[in-house]
């Protein structure tokens, strides 16, 4: 077992010496708090639903690069700036997850990285175990 | 090793396609952010202390269903809406944990799922290792 | 594999029955949300940068006591009270980490334990795997 950095060509890494988007240690994969950004790291904006869809797409790409998929996610932590609209995150999540859903925590924070960022989501996944039931 | 969904008859699962309360992957158990709710998922209300007691009771039931107990919890993340009353969470925790306590993070967030919800707590536990010392 | 409490003589433990600073379960180490405090647990104050430096120093001491180092950290969760100054945390982090950086989540919360506390950071590390690449 070693610790490997997982990079996807479809998910821009931050500038050097800030953080890694994804690390794999044994079967466990840690995904950084992802926000809705394009390949130049510019926020893509949009509703909480639209941003959550972009976040889950970026998460899926990172997990694919790690050799897994969203089926392997066991824990999501969701930070939103307006919890009254959390059903938008729920809708986006219901469109991309299946079977027994990941465990999840969802809280409203006072601010995320930039004013137009409405949602940030990090994840822990366990690969090569057949995914969630 | 497989990923199993852990369900307790004493802890209401959310409606389908939202999240799982608890997943076990190998020896590691992930518990969703729990709030003080009854078997119909209605918030039970009460002080931060009372809500924390309900949360820890639900957590204990899920861990029991997974084959473990609160003795196996290694990490707690506590979100409160009024950090000046955090000693209420501490009191509740001191009544249900023993030995070397779990690691913990406690922060105040701007809002939780519903106005009457004062505390949300998620956990990671490691089972079948004899528990914390 | 057992669960061990990790104590460093250079990092004050909280009073009994609150939380443990650090637990090791197998190769995985869980570090509590750390703030900038001295050996009497008094907040050391200072800028977000200065506080983050103290937090990472405490984290390094705990990981050393566990048999590892900051090279083994795979996940950081950073809570700040003023996200507009987050580059101060970034600067502190860039001074103490190397290679592929840990995954990270950084959010602004409405309050931390005491008014002068500007940053709290918890971590998960995976030891004895050669560290991050």
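The first chain written gets the first letter, and so on, giving A, B and C; residue counts start at 1 in each chain.
Everything that follows uses one rule, which is that contacts are C-beta pairs under 8 Å (C-beta built on N, C-alpha and C of every residue); 3 or more make two chains touch, one makes a residue touch a chain.
This one's a predicted model, so the numbers in the text were calculated from it and none came from an experiment.
The two sequence copies subunit B and subunit C touch through a face in which the numbers common to both fall below half of the numbers used overall.
Superposition on CA atoms relates subunit A and subunit C by a rotation of 120 degrees, given as a multiple of 5. Look at where the CA atoms of subunit B average out and do the same for subunit C: the two points lie 22 Å apart.
Across the assembly, subunit B contributes residues 77, 109-110, 124 that each touch 2 or more other chains. Within the complex formed with subunit C, the residues of subunit B that make contact are 27, 72, 74-77, 83, 86, 90, 93-94, 97, 100-110, 124, 126, 129-133. The touching residues of subunit A, when paired with subunit C in their complex, are 1-5, 17-23, 25-26, 28, 30-33, 77, 79, 109-113, 120, 122, 124.
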